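We just call them A, B and C in the order they show up, numbering each chain from 1.
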């Protein structure tokens, strides 16, 4: 474990160094996140005020949900898909394969610290800013603990999804299109655009079986107490964990097939 | 611009579009993915609107069909712009940093044209334009929208002005890369802001509304013309032409200034 | 055809300091380092000449080419190509010049090569007859037809360079600027490119300006040379004059194994040919470098024939390589005829 940490530390450091180089990126992502949050808050407040208040998400939690969904979105933003796609397009992937490290883990090491730092640096001011305008309820310690576990699982899921999307570069050159599709679908199905609880009941049941809800809906449901009893909370975590395991299998399968393609094409 | 120059550029554009279409048939998969990416994103936006109108009969005074019309209309100038100016993203991203911008300086055509011409008719714009038309037609049909003759006559010019505003805001931001080597971040942030105009602008805080009207005049690409077409309310409509002209001047002027200080790196 | 009058190009480089604090400081300060890439350079290249632009890395060769092609503006001074300022009258000049930057592509990355050429034909308004003639030429000389429908980004470097060179010649430019044009080409293709450029020059009187680190390009194409050092011209004249300025030439020979030891051989040469440097070369050969004022190649070879059981003798072309190595190392070769303006 320690040896592994030591081996991947240089990747992580390189990633972190890049963050300090791109302060403007962080500032801009904070602005974009704040603006997107503001848009949604305005939109949904209008709905709550003007019509029949939706039952799935109480009004007190509305602002918390929208702000935190944006911040989780920042935490999940990694450029692994872009990175892999770029390496495949330019043929650099062959070089990366020569390095004596696991490719997927090195991708994770490069991107995780970056995402964490930018989520914190951009997220905290946004959260602080919105708590000035709206009183955000303080979560219980138990919910906070459940949330922490769920966030870890959500980061793993986000990484896996992006990794798989990156591998699509082996199939098509329009990786930008693929990434756009992914970004739209993930934001939608995870509950970032619309809180999942606000969908019609049948749709909610379906969406909560998919891996995407594990990114935002699950952690926030646990944090905001949107679950029944402990068993229900456990079930939420179990669905997340189940997807992590399943996607790990899919990843290694897809990776092996892609490698075969590298051999055929010569990178 | 003399008639012969105009004819020359028109002929060039035809040739370049022909070549692009030829390429589309060669990369059919890319084309489909690109088009699909927009259809999916827009489907998410439509879903958002329908979820909202489950709870409220009207949003900021807009009915569901009117909101859909606004969304659809916003896609028309955006799609038209994207069909011809996608290369601006590449300029913002890396053309200055890598030095590849030089190739627009050695061709005997206007460098701005030369730059854009590299990505005429990229597939993604088609999806946006087609979806936009479909939504506008459907929503207008559902409302029995009856345009006056003047409104009919103004429809295309308004779309064109909107497209020009999109193009030259992008040109301005992309040209910043001549000073910053990469302005992709700024462009991403502004692009995200521009998507707000797909929803009724009167929902937002006046500061945000002012920003989107007078600083980054995206309001003139959707909200203002769509409101005029729906209600006949001219409002700020008369400002469209001066605002468009000013945006074009500012965007193109910045590009020319950037070229003057362009320094091609490396050997 | 090409004129530079007291041309200088200075770049401002933001002074960057390391570390987070350093980079924060640079954000708010405006300290610059001034880089003089080209410093008060004047020269004139007559029409129809094929001139090599020679200098070490960082001597300002590429910058000069970028000034002459209108990509950048000189800080002070004037450049003229065919009588026009290439930056101010960029479009007109662009019609008359062809440019190849060996490290970069000017083709449409996603288009097949032939489509790129069709587009170029319209952009440069190349008449049908000229287009057909040139495409035939490129097919014959560069085997361009073989690249056919492959998109440019999938070409190998060698294939792409062939396409780049053809693209620069498609519109019969009056002046051709080549910056490292044979990078990535194999020997056969290098020769094909040189032949093509010489052919175009002979047929159409195209003026050629070339920078290259490949001596074969310089000797195989150019009849004149322009030597720059630290931004200033140190020599301009015909290739022959440049070569005559070489003060040292070399003969390399190989002798029957076992006849004499290497040490003995070196001693013999030192005794027979004073002022000569004998250096053991690879695989038992010996390289003899002699000053041209003292010895001629004939004299050196006569001594070698006399004293050794020769199995092979190499007398390389006037040793441009030695000359260039000195230029590139920064010490100007002597004697130099300082910019006489030819």
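One rule holds for everything that comes next: a residue touches a chain if its C-beta (ideal position, glycine included) is under 8 Å from a C-beta of that chain, and two chains touch if they have at least 3 such contacts.
These are the chains along with the protein names UniProt gives them: A, B = ABC-2 family transporter protein; C = ATP-binding cassette domain-containing protein.
Since the structure is predicted, the reported quantities are computational estimates derived from the model, not experimental observations.
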item	value
Farthest chain relative to chain B (centres taken as mean CA coordinates)	C
Per-chain CA centroid nearest to the all-protein CA mean	B
Computed distance of Cα centres, chain B from chain A, in Å	28
Where chain A and chain C are represented by their mean Cα positions, the distance between them in whole Å	52
Distance from chain C to chain B - Cα centre to Cα centre, in angstrom	45
Shared-contact residues (touching 2 or more other chains) in chain C	none
Multi-partner residues of chain B (each touching 2 or more other chains)	none
Contacts with 2+ other chains: residues of chain A	none
Parts of chain B lying in touch with chain A, wherever the complex brings them together	27, 29-31, 33-34, 36-38, 40-41, 44, 47-48, 51-52, 54-60, 123-124, 185-186, 188-189, 192-193, 196, 199, 203-205, 208
Interfacial residue positions of chain A with respect to chain B in the complex	22, 24-25, 28-29, 31-32, 35-36, 38-39, 42-43, 46-48, 50-54, 171-174, 176-178, 180-181, 184-185, 187-188, 193-194, 198-200
For the chain C and chain B complex, residues of the former touching the latter	11, 57, 61-62, 66, 69-73, 90-92, 94-95, 97, 99, 101, 103-106, 108-112, 115, 118-119, 122-125, 179-180
List of chain B residues in touch with chain C within their complex	8, 11-12, 15-16, 19, 22-23, 26, 99-100, 102-103, 105-111, 114, 118, 260, 262-264, 266-267
